[in-house]
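Multiple structures follow.
Next come two complexes, and both contain chain A; in the first it sits with chain B, in the second with chain C.
Coming up: the complex of A and B.
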């Protein structure tokens, strides 16, 4: 195994710069997810690591080995593609075994042992001698994963492997992947635009935007402490609420979701925004401390029975994700209902010019606790 | 004053809408659209074939001046008992095997050479030159090559002599004539197989080739498991078309050697031509034509069987 280092890596297609001078380290034996919207350059970066795309500038190192000019077959990489790539005239076992059989350093006993191991982990044992055409897409992708993992290469790359499989197969694949991770430690770069998948599988997530890695952190940290507004907006379903300060405020910063002003940070009030995730916004029927009056504009049922409520607060709209009502239908939050919203300050983040400010948001006037 | 408006539509309009409704029916429109093609096919293909089949059971010579006499299977038995026809048939099979074999291999190799060579300088010129022989009519190609092969002023012979070798009588030496004609056929039709090979190669998914590269598959494995798997249908179609076409080769022979010297280049289509238009034996030539048609059908069936054999095996597995 080896870490993967890319230094000032650049790739341009005509006038479009797909990858903009990225320098980054994919740590050894860790799963790094490249996450970002379509067209942000994550697949191009992955393909350059694989050797399928030549960088215009920059260096790629596997450990201390400079592989920039090497062809894919000389790099010691394995890759799982978006669409299950199979050798269609072969059986399941033959597909997994084929790259191993070409490697003279692997004896037949070890080859068999590795194949058996991945068959067992991926729960493909019953299909072992089946012709590949008789498998569904999900199981075919499992075979592709098995073929890549069994090689135990320096680096294993995954290019959105669950995109083309149906939901149940996708869950089975993710389960199998996690089991694989538990049993086999490999340096893995995993490209996805599915944040749930990234959050579930990654040791760290590298968030990409317009050809650059804008933040890299463990999943939870990335979610809770986004380095910029992009991270706040892209992660979460829906993304963060962003509130702009009222221009008329004389002292400090006054936001629609807060009943009190905040300290204006040193950065100055212009381009300041306050971010808060929908699940942190609380809704109450009666006034509670730090609440502001709000009106329900829209409600929708989210996955898991949670409700996604859009509130009109002053001149702003705030989305809130609230738990399902305990005793329906008493508290259904009908459209137009007058309620009270609380945006907990300890959960809010201040951004300036799109980047997160180091100092947390603070009240201008300290809260007086009443006994 | 108010105008009375009739609720009944004018006759023309009703008639028109009735026609539209008739042609708009799901089963009518396709049938109407296919009619011209079907008619053309029946007039120019089915009726002549049936006529040919009927004639093959008659003794009928245009030189005798007598009407056709029903002879049952006589024409067929006489052809099948004729040793010369068997020689011609076996010579034709050898010709087809060699021509199609060489053209397929050369076509694949050239196709692989030109595949993904978009940035190769002069690619378009090279491809145009390569495809030129295919668009030349066989008679022109035959004449062209007859002149090249000419022992007196042919450029090839001049070239051989200038290298110090003995002159070769390409078209009049029984040992060489077959190969000389075969070479012209290969020259003419290899471009077709290049075209089919390029089409076959274009049908291979890029991701599978990339996966094969990453999986470190050998060149042969890549060719067998990826390229051939995806390109086989187009490639087999090319081979099938070339096989049927090579089996019918007559124009080239007619122009270059007229089947000679002796019977060295006498292919079965040439025999058919002689029977029909030299001997004017319409009954016997029709029977031979029917036999050749059956052989062509057998080729097609065999190719399709081979093409889908693996799928059938996979389905049974």
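Coming up: the complex of A and C.
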């Protein structure tokens, strides 16, 4: 195994710079997810690591080995694509075994042992002698994963492997991948635009935007402490609420979601925004400390029975994700209802010019706790 | 109701056209079971006592066996060579796109635009000069050469329809190019390969001019036998003609019948293309 280091890597297609001078380390034996919206350059970066795309500038190192000019075959790399490409004339076992058979350094006993291991982990044992054409797309993709993993290459790459499989097969594939991770330690770079998948599978997530890695952190940290507004907006379903300060406020920063002004940081108020995730916004029928009056504009049922509520607060709209009503439902939060919203300050983040400010938001006037 | 009526009319027209095209074949097949006088009877006899005498006479001729053997060997070998070479060429054109690919593809196709009678003289002179006339090998290679352009065209279309992800999967997973071509791409374009095999087989099977000119006693095929033995006793030998033609059209019909599934795919392949 080896870490993967890319240094000032660049790739341009015509006038479009797909990858902009990225320098980054994909740690050894860890799963790094490249996450970002379509067209952000994540697949191009992955293909350059695989050797399928030649960089215009920069270096790619596997450990200490410079592989920039090497063909994919000589890089010691395996890859799983969006669509499971199979050897159609072969069975499941033969498909997994074929790349190993091409490698003369692997003896037949070891080859069989590796194939059996991946068959067991991926729960493909019952299909072992089945012709590959008789497998559904999800199981074929499992075979593709097994074929890549069994080779035990220095680096294994995944290019959105669950995109083309139906939802149950996708979950089965993710479960299999997690089990695989538990049993086999490999340096893995995993490209996806599905944040849930990235959150579930990754040891660390590298968030990409417009050809650059804008933040890299473990999944929870990335979600809770986004380095910029982009991370706050892209992660989460829906993404973060962003509030702009009221221009008329004389002292400090006054936001629609807060009943008190905030201490204005040195950055200046013009590009300041306050971010808060919908699940941190609370809704109450009666006034509570730090609440502001709000009106329900829209409600929707989110996954897991949670309600997604859009509130009008002053001149702003704030999305809140609240728990389902108790049974029998007593509080349906009908459209037009007058309620009170609380945006807990300790959960809020201040951004300036799109980037997160190091200092947390503070009240201009400290809260007086009454005995 | 009007929909059902128009569909009925549509089917009636289709049947009529099919019957018109099938009529000569029907006539020749029917004639092969008649005597010479029955064949020439006016009006044509539709009810008659069939005879196998024409076939008995045909199969008894050593020339038939020899020419039939030549037709089979030349067609099968030439087509296999042509499709094997064409597949590799089409793969190279499709995947590596050498400079001026479109022009080269046009040049290839232009060989098929050339009338046979225009090409026959230089080919004849070359074959005589090199001593290749009436040789199995060179006759086979000539037919292969003539079949390659069309095969490259048809196969390139099929290979273009196979996503480059297939190659990339092979490349990153340690497969050689030969393995990628044989194990990944080939199974995907099997309908195209079968279509190319059948189209070319029919072309070589029916070929007369070049076989007549640059072939000879050793390599003459059935069309040459048909043309040279047509006359008998100052007139056309209809019994010979009808029985030989019936036997002669059977192999292509059998081939098309068994592989029509692939042919239909071959005709429609590329009309809807999706990224895999």
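By definition in this document, the second predicted complex is superposed on the first by the 369 of 371 C-alpha atoms of A that agree within 3 Å, B and C clash if a C-alpha of one lies under 4 Å from a C-alpha of the other, contacts with A are read in each partner's own complex, and residues count from 1 in each chain.
Convention: a contact is a pair of C-beta atoms (placed from the backbone, for glycine too) under 8 Å apart; a residue touches a chain by one contact, two chains touch by 3 or more.
It should be emphasised that the depicted structure is a prediction, and the values quoted were computed from it without experimental measurement.
The superposed arrangement places chain B and chain C in clashing positions on chain A. In the superposition on chain A, A:103 contacts both chain B and chain C. Contacts of A:314 after superposition on the shared chain: neither chain B nor chain C is touched. Judged by the touch definition given at the top, the superposed model places A:50 against both chain B and chain C. Applying the stated contact rule after C-alpha superposition, one finds that A:259 touches neither chain B nor chain C. Looking at the shared chain after the overlay, A:58 reaches neither chain B nor chain C.
In the superposed model, A:83 makes contact with both chain B and chain C. When the shared chain is aligned, chain B comes close enough to touch A:134, but chain C does not.
In the superposition on chain A, chain A positions 50-52, 71-73, 77-79, 81-83, 85, 87-90, 98-99, 102-103, 144, 147, 151 are in contact with chain B in one complex as well as with chain C in the other.
Within the complex formed with chain B, the residues of chain A that make contact are 50-52, 71-73, 77-79, 81-83, 85, 87-90, 98-99, 102-103, 130-131, 133-134, 144, 147, 151. Residues of chain A that touch chain C in their complex: 50-52, 71-73, 77-79, 81-83, 85, 87-90, 98-99, 102-103, 144, 147-148, 151, 157.
Residues 163, 165-166, 168-176, 179, 183-184, 187-188, 275-276 of chain C are the ones touching chain A in the complex. For chain B in complex with chain A, the residues that touch the partner chain are 205, 207-208, 210-211, 213-218, 221, 224-226, 229, 310-311, 314, 317.
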